[in-house]
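Scrolling down, you'll hit the structures one after another.
Common to both upcoming complexes is chain A, partnered first by chain B, then by chain C.
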Partner chain A sequence: MSDANTAMVEKYRNSFLKEVEANVEEGEWVKMCMQCGVCSGSCPFGPHWAHPPQELFMMIRAGKREEVLTSDSMWMCTSCYNCIVRCPRELPITHIMHGLANYAHRLGIAPKNQPTRKFAKLFWENLTKKGRTNELKLGLSLYFMNGFGDGVKTSLKMKDIGLGMLKTKRMNVGEMWGGHACKDTNGLHAILKKAREIEDAKMQKF
Partner chain B sequence: MAKKEYSFYPGCSSQKGASASNYLVSVQSMCEELDVQLNEIPDWNCCAASIGYAEGGELPRLALSARNMALSEQANPGQDIVATCAACWLATKETQERLHDSSDLMQETNDALAAAGLNVKADQTVRHMVEVLIEDFGYDELGKHVKKPLEGMKIAGYVGCQTNRPFGVDGESFENPKYLDKLVETMGAEPVEDYQKKVQCCGGALAFSEPEKSQALIKDIVEAAYDGGAEMIVTPCPVCQMNVEVYQDQINATYGTKFKIPVVYYSTLMSVAYGKNGKEAGLDGQIIAAKKLEEIAAK
Partner chain C sequence: MADEIKIGAYICKGCGLGDRLDTSGLATIAEREAKANIVREHEFLCNADGVAMIQNDIDTEGVNRVAICACSRRAKTDAFSFENAAISRGNLREGVLWVRPDTDEAQETTQEMAADYVRMAVIETRFMTPPSGNEEARYENHILVVGGGISGMTAALEASKAGYPVSIVEKGAQLGGNAANFYKRIAEKSPYADPESTGVAEMIQAVEADDNISVHLNSTLTRTDGAPGRFSADISSESGSTKTENFGAIIQASGFTPYDANQLPELGYGKSKDVVTQMELEALAKAADGGPIKRPSDGKEVQSVVFVQCAGQRSQEEGHLPYCSGHCCLTSIKQAMYFKDQNPGIDTNVIYTDLRTPGAGGEDFYRSGQTKGVTFTKGQVSEVSAAGDGLSVKFQDLILNEEAAEQADLVVLATGMVPNGGVDVESLTAPQVEGEEGEAAPAEEAQEQGEFKGISVLNLTYRQGPDLPQLKYGFNDSHFICFPYETRRTAIYTTGPVRRPMDMQQAVEDATGAALKAIQAVENAGKGRAAHPRSGDLSFPSFRKDGCTQCKRCTVECPFGAIDEDEERYPMFNEARCRRCGTCMGACPVRVISFENYSVDTVGQQIKNVDMPDEFDEKPRILVLACENDAYPALDMAAMNKTEYSAFARVIPVRCLGSVNLIWVTDALNAGYDGAVLMGCQKGENYQCHFVKGSEMAHDRMSKVDDTLQSLNLEPERVATYEIAITDVERAPKLINDMAETIEKIGMSPFKF
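So, the complex of A and B:
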């Protein structure tokens, strides 16, 4: 168990709901859910969610910390915003799903091999490096994220798509060396560093 | 009509050699015809799309969009920010609303921006290009520029998620928005009535990390277009465009289907109808060639 996780378990011994309200993006909304189930019927990956949003909200209130945070359910969120426009209580469900995933990831207890977790991490590292996404490197690191053997297999499977993208100039091998970038990457990095500091300090405070 | 100017946020996928570079080409041709000037936000950065949350968290993510807004306020004061990508639009608009709703977030965001000597007021309106077309021009005006109506074509308007929810276009419903169909009609083609999967999710960014689950959704989207008698799909979103176009072969291999339907942008249709040639309309960016449009463009 990570140190951050142990500290949070200690601090919120009695209420996982309070922990979520304090630390999860838009977490203060969870208590407003009236368990109607509309959101759960809205997810495009519906059958693949072990615990759909409505159930996650119930589990949070029931204090099922471990089960919620180690779940891969919220990682199934495609950001389709179906739930948000349908929820009778106007809960920002999409953001709560993102928030739960991010919180579990920061505490180091999110499922290690969850593919979207890995992809999201690669994506963030890719975009923050130069301020703009390098699609080629992102694609390659994605194919190889499960190791070399797997990567070669996925790359072969994706070969035709890659060739199509190259032919139509929608992919550029030159991105391997350099590629698109912001000019003021130093400024951008300073902003992100400061934002991270402020966010970490908030988590300490609660 | 006088020239219209906007502060333009093109986004990563529109860059040269990137996956939606053909989108930008067609948007530029369309804007040239409509006398729209797009003033690119200098040194803009990525918005983190809908997948940046896991590693980025809340404030760093908001700060990314806030930096773009701050740069826009400096360089293009008083102009609406216009994005062509659904995810760029959504992230920027969402950030703008959040900063307005919470003085704490506004303060924290500006503390972060100060690290690069920037400050944001977040008072520019953030719009998607289709809003500009519908609201600042209107269908009648857009129709007046048509030189080569797309006669005899039947097209499925695939709106998808993020240009439709949570914000959507004013006056449209979330379950059955009509603007794309109206644009198709305005360009002289026939829209598919009751396109069943019009607002169905394509998997978005998860098409990369969860290919099987996403391709099952994409299969339904393409199938419903064929069922509606469409020969082409049109969309306002670069993620939708890519997902629905490029995986058709893999879906065919998995499900034994015979999909081969071109997927274009509204701006592709408009550029061709406005008399631009194939290159100007970005048709050379189609992986599944839009032959009918090529023929019209070559006429």
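So, the complex of A and C:
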């Protein structure tokens, strides 16, 4: 993956903006930002991330590739869609944030221990295995995300809720073994594989 | 018949006047006290029957003075307009009924108020003469356009289309002005996506093909004399020949000069050939004509270009322009498109602090620029210097808040427009005003009379200077929002960038407006009527020569330069230049200036004929002199909202607070008035005065009223002068009530008899 990173650096030496346009989901919108700052002002997480959207867009134009892609800012987006609703230029800002995060992840330069990223990975693996989310496994893997001791502690803390869900048949212990799946898991895996191939080819092309 | 004064007084009983007022009592007052010849009451005076009744009296009874005691003078003006009669209005509805509570206790004072207004209206007409029109009015439909750029040509074409012959005087060797040097113009039509053809060549063709337009190239005005309807101008060509022509009105479209970028060495101008202004880039683009644009230093095809916005503009630094030239952001977007349309691979970066894209299509054009890949960086450029094969632009990134630098083959500076406004006539020494104060402002002593900086555009022979007065930063303008084309010289209108910075599209719209104003002025001048804001007024100032002391106050203070001096140094009124504000009348210390229907007496007699209760009645009297343009409508609107104010106020509308002669205030106080409130318009830099300087002049005069009060042994609080906007609907009545309270505190005037 970091090979891909060096390759991209070579390809877009002078224009990170063009790289973003070509490779990031909805990236072609970045140039349309008029720097009004309404997105940054609307973001409920605004004060808590290093670079709010407006600033990220400016950094992209200024060619600050490393800073943007290694930033954990876009990972902070909670998809509340406030920015999209308010953007006078109608930029799909939320999508661009996720697009940037995904691009950084694919290049292998996203911050390693960013919790959102970790969770996203867990979720994706969980989902793609059977085509259905296995909530029991997802919940447990989330508890144990930060190590065994932490996992036990969290599990004990949540046990009452878990028992309650069992009692009201909101959770099935049987999911631990196998779990439910979509009709054609192999078909799904084929689809995802093809999609990945297309994406990778796109990246190669530019 | 004309000599004999015959007054008809008409008292309306409509709109509830008859229910709450004793109108027969008012009729008695009009007849017995004010001595009206005919007094009639009517149930509904403004209806066809009422109007016919008045008209009948004028036709058959010989009534030539009409006092209408009904609603405000601002209401029902169409119904109550009669020819061959002087008309005054007693404001019983907005002035009395609607500002007083309908209670038994208030009845007495309300009736007194109405009685005073009836008496005042009748007395006022006695001292009025129906305007007879101006003997010197001339009709001349020939319009002079100074400047042959976009604005000038548009004005000429529009005036010509309306049937008025036009002469264009152009200093240069060809028509087109600055716009002739443009490669393309900012998008004017939907979808506002691409630069468009300038259309200058077509416009020049249209002008040349128009038989109604004559063009004088390489020519300037060496003398402009006269007044609206009878201007005479010397058009002198470079070769030395001079031609004199007569005109009815003048449109000054003298345009702008590009700011001298040599004053911006920090931005590399003059140091590197590859730093150019927007105007110079137009020449490069024109030379390239759709091909790759080459940089001036070595002819290399430009691969990267940086636009520096607000270069030497919007800055308080010495030598910079403090204002925004309005077009430059869009121009830079347009010029960046020159590059992008030719080769999308060229890097174009616009470094701006605030991107301003005025006009309907401005935002779309900006968006189109972004779509084409023009980069916009919010930053402040500090330095442009040579670096490597090109230039390095140093700037402070205002979003990321850091120092940054960008490499470029070419740098374009968005420099501003400097108006060709002629000489600043107000920098000239005001000639010494002779008279009791003998005041000569010390700051002006340094400047000797007659020295003007710069080159005059119009070379007017007006006593007040050869060009139009300037508002700010050298732009000739009267009022940006309220009356944009009006200058302080009647029938001379400015248009285009000499008025305010603007782009081509705005200039075209602007010039069309100016052409219409010029036509209006021609027609008005032909009929001896006033131009804005007293449009249609036939009266004009006249003066009693044997009383004049030649103090020159009127000639100096006239905001419109209407008054010259004759060989004997007496004032010489140019009626057609006059806007009828009466500032001269307010200025005259010996009170020899008057209008037929507005004079020191028409107001002075109203003041004298207010019934003055004695000291022990506890009924003070407050004189309110309210400007008819803003303060009086504000009071009218307050009345419509049924805002109550003191029953002791007597409001007299004045044409402008500048027309208030100090004698009115002095006489009022001598006659026992307890207070006086003067309401004019906002003055100073953001003035709203319809006569530009009237309110300012009045405030200045009133600042000296304290001496008068002291000599009368009266408290200074008894006279108050305010600036009132037309929107001060709550404030205006409150100020009257404040005066009533003040009087309650300091007690009644000791001058009552």
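Following the convention adopted for this analysis, the second predicted complex is superposed on the first by the 205 of 206 C-alpha atoms of A that agree within 3 Å, B and C clash if a C-alpha of one lies under 4 Å from a C-alpha of the other, contacts with A are read in each partner's own complex, and residues count from 1 in each chain.
To be clear about the criterion, a contact is a pair of C-beta atoms (placed from the backbone, for glycine too) under 8 Å apart; a residue touches a chain by one contact, two chains touch by 3 or more.
Here the structure is a predicted model, which means the values were calculated and not measured.
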More chain A residues in contact - chain B or chain C: B
Once chain A of both complexes is superposed, is A:A195 in touch with chain B (first), chain C (second), both, or neither? first
Contacts for A:M58 in the overlay, against chain B (first) and chain C (second): which applies, first, second, both or neither? second
Which of chain B and chain C A:E66 touches, first, second, both or neither: neither
Which residues of chain A touch chain C once you look at their complex with the stated criterion? 14-15, 17, 31-32, 34-35, 54-55, 58-59, 61-62, 64, 89
Given the complex, residues on chain A that touch chain B span 25, 44-45, 48, 76, 78-82, 84-85, 94, 98-99, 101-102, 105-106, 115-121, 123-125, 127-128, 131-133, 135, 139, 142, 157, 160-161, 164-165, 167-172, 174-175, 180, 182-184, 186-188, 190-196, 198-199
List of chain B residues in touch with chain A within their complex: 12-13, 15-22, 43-46, 48-60, 62-64, 67, 108-109, 111-118, 161-162, 165-166, 168, 174, 200-201, 203-206, 208-210, 213-214, 217, 246-247, 249-250, 284-287
In their complex, what parts of chain C are in touch with chain A? 347, 355, 366-367, 370-371, 373, 375-378, 397, 399-400, 404
